[in-house]
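Below are structures written as structure tokens.
Note that chain A is present in both complexes that follow, paired respectively with chain B and with chain C.
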Partner chain A sequence: MKKVIAALGLALALAGTVQAADADPLNSSRWPDLQREYLNDAPVAFDPRIEVLAPKVAEDSMNVPVTVRLKGLPDVKRVLVIADFNPIVKVLDFQPLLAQPGLSFRIKLQQASPIRALVQTGDGNWLAGGVWVDAAGGGCTAPSTGRSAPDWAQKLNQVQGRVWRDGQNQRVRLRIMHPMDTGLAPGIPAFFIEQLAIVDDKGDAMLKLETFEPLSENPVFSFDLPDTGAVALRVVGRDNNGNRIDAKVQP
Partner chain B sequence: MKGLRNSTLSSLLVAAFAAMAAPQVMAGVTDRDIENDAKTTGDVLSWGMGTEGQRYSPLDKINVGNVKNLVPVWSFSFGGEKQRGQESQPLVVNGKMFVTGSYSRLYALDAKTGAKLWQYEHRLPDGIMPCCDVVNRGAAVYDNLVIFSTLDAQLVALDQNTGKVVWKEKIDDYQAGYSNTAAPIIAKGLILTGVSGGEFGIVGRVEARDAKTGKMVWSRPTVEGHMGYKFDAAGNKTENGISGTTNATWQGDLWKTGGAATWLGGSYDAKTGLAYFGTGNPAPWNSHLRPGDNLYSCATVAIDVATGQIKWHFQGTPNDGWDYDGVNEFVTFDMNGKRMGGKADRNGFFYVLDANTGKFERGFPFVKKITWAKGLDAAGKPIFDPANRPGDPSKGADGKKGEVVFSAPSFLGGKNQMPMAYSPDTGLFYVPANEWGMEIWNEPITYKKGAAYLGAGFTIKTIDDKYIGALRAVDPKTGKIVWEVTNNAPLWGGVMTTKGGLVFWGTPEGFLKAADAKTGKEVWSFQTGTGVVAPPITWEQDGEQYIGVAAGWGGAVPLWGGDVAKKVNYLNQGGSMWVFKLHK
Partner chain C sequence: MMARLLAALVAFALSVAAPAAAPFDYRLKPEKIADDTWVLIGSTEDITRGNGGNIVNTAFVVTKEGVVVIDSGPSRRYGEQMRAAIARVTDKPVVRVFNTHHHPDHFLGNQAYADVPIAALPATRAGERDDGGAFADNMYRMAGDWASGTEPQVAQQDVKPGRLTVGGHEFELIALEGHTAGDLAILDHRTGVLFAGDLVFLDRAPTTPHASVQRWLKSLDALAALGAKKTLPGHGPVHAGSAGIEQTRDWLKWLDQTLMQSAANGLDMAEVMRLPLPERFERMPLARSEFERSVTHLYGAYELRALDSVALPVLQQK
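What follows is the complex of A and B.
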């Protein structure tokens, strides 16, 4: 305990404004465990600049749209998205690199739960924002529809993409065909995309993320990147069976 | 894949995710470790307990005198509803056991306690076409990787510590009938694999990939007329010569869908530098459609690992008309100061060949009834009995069905996929043999992609009411059967022998058995609760000798059945790993 207090004191002294002992504004009984598991008990400041946008009630527990919006928060290195009460908590771990630190995606929700964005800035500090989403339940333990579609193997890892450019920025929206099975439905092993990156024409990553089972089947993502002109972007990645994703997205 | 090279993609992914890669903990498995596998007792690094395939262990802590004290240490369930044939030979590395299960699953276990470390379940498409059950025969290990092939014809390399996929390569298109069930073997940093799908008119081949990266190094077709290829470090493909001479032993263009699947994988002998792959039946089964020897079907092909060229071949059944699919393992051993190889062929003959040149030394039956050939000539070629080849359907009364003949062995063979063992102590091979025959007839057939390509009908018959299976001790110097232990159901598991003077094998009735290697006297048995169709292994850990075997009834026998069904249709399925040691 002494050690923790000392560490907190040091963090306070260095960061000044960071409030290490922030109570969880979402009042979730899981939060202390999650803070230990994912942040190694590092202090977290709940910050109004981090917004997680999601419907109050999930109409479809298999497809809950989520947007993480970061307003005026400089130097974001990492955005970790978790859902407290999902049987698999981690949703994605995003490194924006050249992209805007906000993103949109869809998840499966097993029951009512906070959805949180834990944001790490260049100085190593953690900030957080989140929202409660009510849900009827069952999103994670049902088989994917792709599971019973006879042609899923032919469509696997196909990418549909669209790009909107304004000269300065481009918004990239992707859909990747994948069952994203959680391994929690009886007799169906986990099968999900685990790595994804957008790379430029030289092969340098512009953004990258690790993805996990709770993302919806045929996951959809929106990212904001600097406009690269007429050069095609390339989406690369793979799932936990080693099946590759590799597609060009033409502007 | 938008025409982009895989190699480029792999490097992009590696670069993008380099920071996330887990650090390597333990020294990896080397070529040297693998070449010494048969001599080192603390591990089992390859299918065959040494790439030579002798399945002999120099361990003698468990021996004829004390084997009665052998008791189970742990049993592990493969879980799920996927209880089908378990034909896997486990590997043991640094105290970890790697064993594959039916439906392309792989388990990492603590070898001493049976505690599960991780499991990998490969997602299979609905349309896979394995001919003979959804089995897998085991993995290969190299560096920090454990590598196995899948029913949808892919090769997956996993990190031994985490079970995460490190690389994955597609061997071929499962929709064209390709699949893969054999354990890969490692030779000089290359991972060698064959292909399955001989019932679908595929083309057999052997491929070598860089075991660390999965990048292709060479490919060698096992059907005459097809081009072999080499690949440079950048993945550029160059021609490496046609296998054989086009149309020399195949007329017309049937060689284009010629079969000769290398579905049981191969063996490798560091002393000769050669990999030995058995090849399956030519396609279709109807031999009247393809006059000629039909190279390299029903043969053993010796490939120089360094060049990807065929150095020699020996064909057991030219112009096969009985599905005497000659994939059976070629086990190298020393005899009279020479490096030789032994093969118990599906066609019922045991062949002893010079491992360097393929020169025929001796051949003799290891089953009691052979009808298709009257014997072997001085060069080892069969002396056919024309009356016992299934008739030409075009000469039949209605042109739709040829004359029916009775043939022995049956198409499931005098020996099938279950590997034999060789003991340098006794100088004997221990062959899991089966005595059965079949009625077989030919029908017209044309090739259609992804469809069964047989042109034959058949039904299996028993020969002796009392038994089908017979574990036989065979002397390669004399051709004599020194002893045998018969078994009611057909034998379908492999054999292992030890310096402790023991031979271990499993039966479909569920017993793992041990016999005195000299006399064949049964000295121990244990009921595993389901049929054993996998080869046993042994290793040493913390001063104690362990015996392990996978259990789970299945394989080709229950699928083909026939007259044999009454000996096996009451057997229950399962899926588990059993480990034994001496109680104190």
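What follows is the complex of A and C.
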């Protein structure tokens, strides 16, 4: 049945070129509600310049890789990522500031669902792109695996990171040790990173994001920033229990 | 209009998904590949409601003392129909079953051999025990009613590596690993046929959900040294020579290189999944989807090594 829905989504995506700009090319029954809830019913244009890369099938529903790629879209202020059929829909809310508006991360997926990037540009307009991912299920209600390791609490919020510079741009990859508990597994309250930013040596934010429960355990991110030379980047943030993240990533 | 389109599409999809007239008949036709040696060749597809999971190769050897079965297939129905197919070839009883490894398409037919000793490597038996239930559920999800009534029947005996003679056939039982934690290869010295299990794929992209690429490559070296006359891969055609070993090795080395380089270049998983396939693999069945799956299975470890290999950035929390 999921395949049917996915096929249907594709069929409608093809048909979408001749439909009104705000018809959902992914044909998700949740979309009208989500549009109301997250965008206040603002009109949304589905734009092929917004690409969401993800596998067709979630081989590991605890770690579904997602890359949001925005090609030639100027003046992006916000990228809101949602998964329609997840019990917790909101994945992250990204303000690129100086960074390129694309990013990569991994999510837990409870069942087959569209994964969407809702993009707001400087003029206040919303654009969107997305993709269906089929999933075997269980991604959100399973407990995190790292909690069984004895030292998980000591490693909490530790950051591993690396920077790839090419003179113009630098790619920053981060892994942050955190269980990212959704609160949906029996007896385990929600415990997740809420805020994250990369700041320069003066403490000014280069990018910011709010993050939510569906991000995978020990989340991994990739960002693309302008090359700032041999200056260490600082990663700051906190989880919903007030534990701080603060680390330097050397160039 | 929309509702009608939807109804039409759903009807179409269901008609495609429904199996053809004869209900759940795998149409197993044993093919003789050497003296006393028969194989059942599955398709090189993914498991679907159309093929019922018959995507795997199984085999049996008719010895003087009875029939030795190598792998029992993806479902109870397959096992039963395989046993019926054996009975059409010989009236000798099945005396022994081997499971080459714990993947569902290779052992979920065990129920049909409940009265026969079933043997597997210890790691395989453990895998059947731990993952069998989830595998059977997943088989049902993918193959539908073909798999109804299928329950994991764990092999009761450990395979002891070494020579085992049954009815004049001297079998070499070879304990290897890499495709999974326990991969049994069987060489029949009498015929020179190698039953390679999923250590060898040919013209079908290898799968890696429980793989260790480095160990798998070592196991391929061990298989190559056997110099078998004919090889039955776990998936793909029977062949003379070492084409399957070489192609599997080629794929694994390419996979290893690609993942290592991608991690060194700072790519994220979904980006790696989009990388172009080399021309020689482009037309191989399931190459793209198995590559995507392999990225999910394996990339995390490469990525961690790439992040770890730089000492400085690993900083303590304040």
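Throughout what follows, the second predicted complex is superposed on the first by the 230 of 251 C-alpha atoms of A that agree within 3 Å, B and C clash if a C-alpha of one lies under 4 Å from a C-alpha of the other, contacts with A are read in each partner's own complex, and residues count from 1 in each chain.
Methods note: a residue touches a chain if its C-beta (ideal position, glycine included) is under 8 Å from a C-beta of that chain, and two chains touch if they have at least 3 such contacts.
Computed from a predicted model, the values in this text were never measured in an experiment.
Trainee: Going by the contact rule set out at the top, does A:63 touch chain B (first), chain C (second), both, or neither?
Mentor: In the superposition, A:63 touches chain C alone.
Trainee: Determine, for the superposed model, which of the two partners chain B and chain C contacts more residues of chain A.
Mentor: Touching more residues of chain A than the other partner does is C.
Trainee: For A:203, decide between first (touching chain B), second (touching chain C), both and neither.
Mentor: A:203: touches chain B, not chain C.
Trainee: Per the contact definition in the header, classify A:165: touching chain B only (first), chain C only (second), both, or neither.
Mentor: neither
Trainee: In the overlaid three-chain picture, which partner chain does A:220 touch, first (chain B) or second (chain C), both, or neither?
Mentor: Once the two structures are laid over each other on A, A:220 reaches chain C alone.
Trainee: Quick one: classify A:78 as touching chain B (first), chain C (second), both or neither.
Mentor: After superposing on A, A:78 lies clear of both chain B and chain C.
Trainee: In the overlay, answer first, second, both or neither for which of chain B and chain C A:175 touches.
Mentor: After superposing on A, A:175 lies in contact with chain C but is clear of chain B.
Trainee: Should A:248 be classified as contacting the first partner (chain B), the second (chain C), both, or neither?
Mentor: both
Trainee: Hey, what residues of chain A end up touching chain B and chain C alike?
Mentor: Comparing the two interfaces on chain A, one with chain B and one with chain C, the shared residues are 244, 246-248.
Trainee: How about chain C: which of its residues touch chain A in the complex?
Mentor: Counting only chain C, the residues touching chain A are 5-6, 9-10, 13-14, 138, 141, 209, 265-271, 273-274, 289, 292-293, 295-297, 300, 303-304, 306-308, 310, 312-318.
Trainee: Would you tell me which residues of chain A are touching chain B in their complex?
Mentor: Against chain B, chain A makes touches at 150, 152-153, 179, 181, 187, 189-191, 195, 197, 199, 203, 205, 208, 210, 236-238, 240-244, 246-248.
Trainee: Please output the residues of chain B touching chain A within their complex, sorted ascending.
Mentor: 1-2, 4, 6, 8-9, 11-13, 15-17, 20, 80-81, 121-123, 125-127, 152, 156-157, 164-168
Trainee: In their complex, what parts of chain A are in touch with chain C?
Mentor: By the definition above, chain A touches chain C via 3-4, 7-8, 11, 53-57, 59-60, 63, 65-67, 104, 106, 136, 156-164, 171, 173, 175, 220, 222, 244-250.
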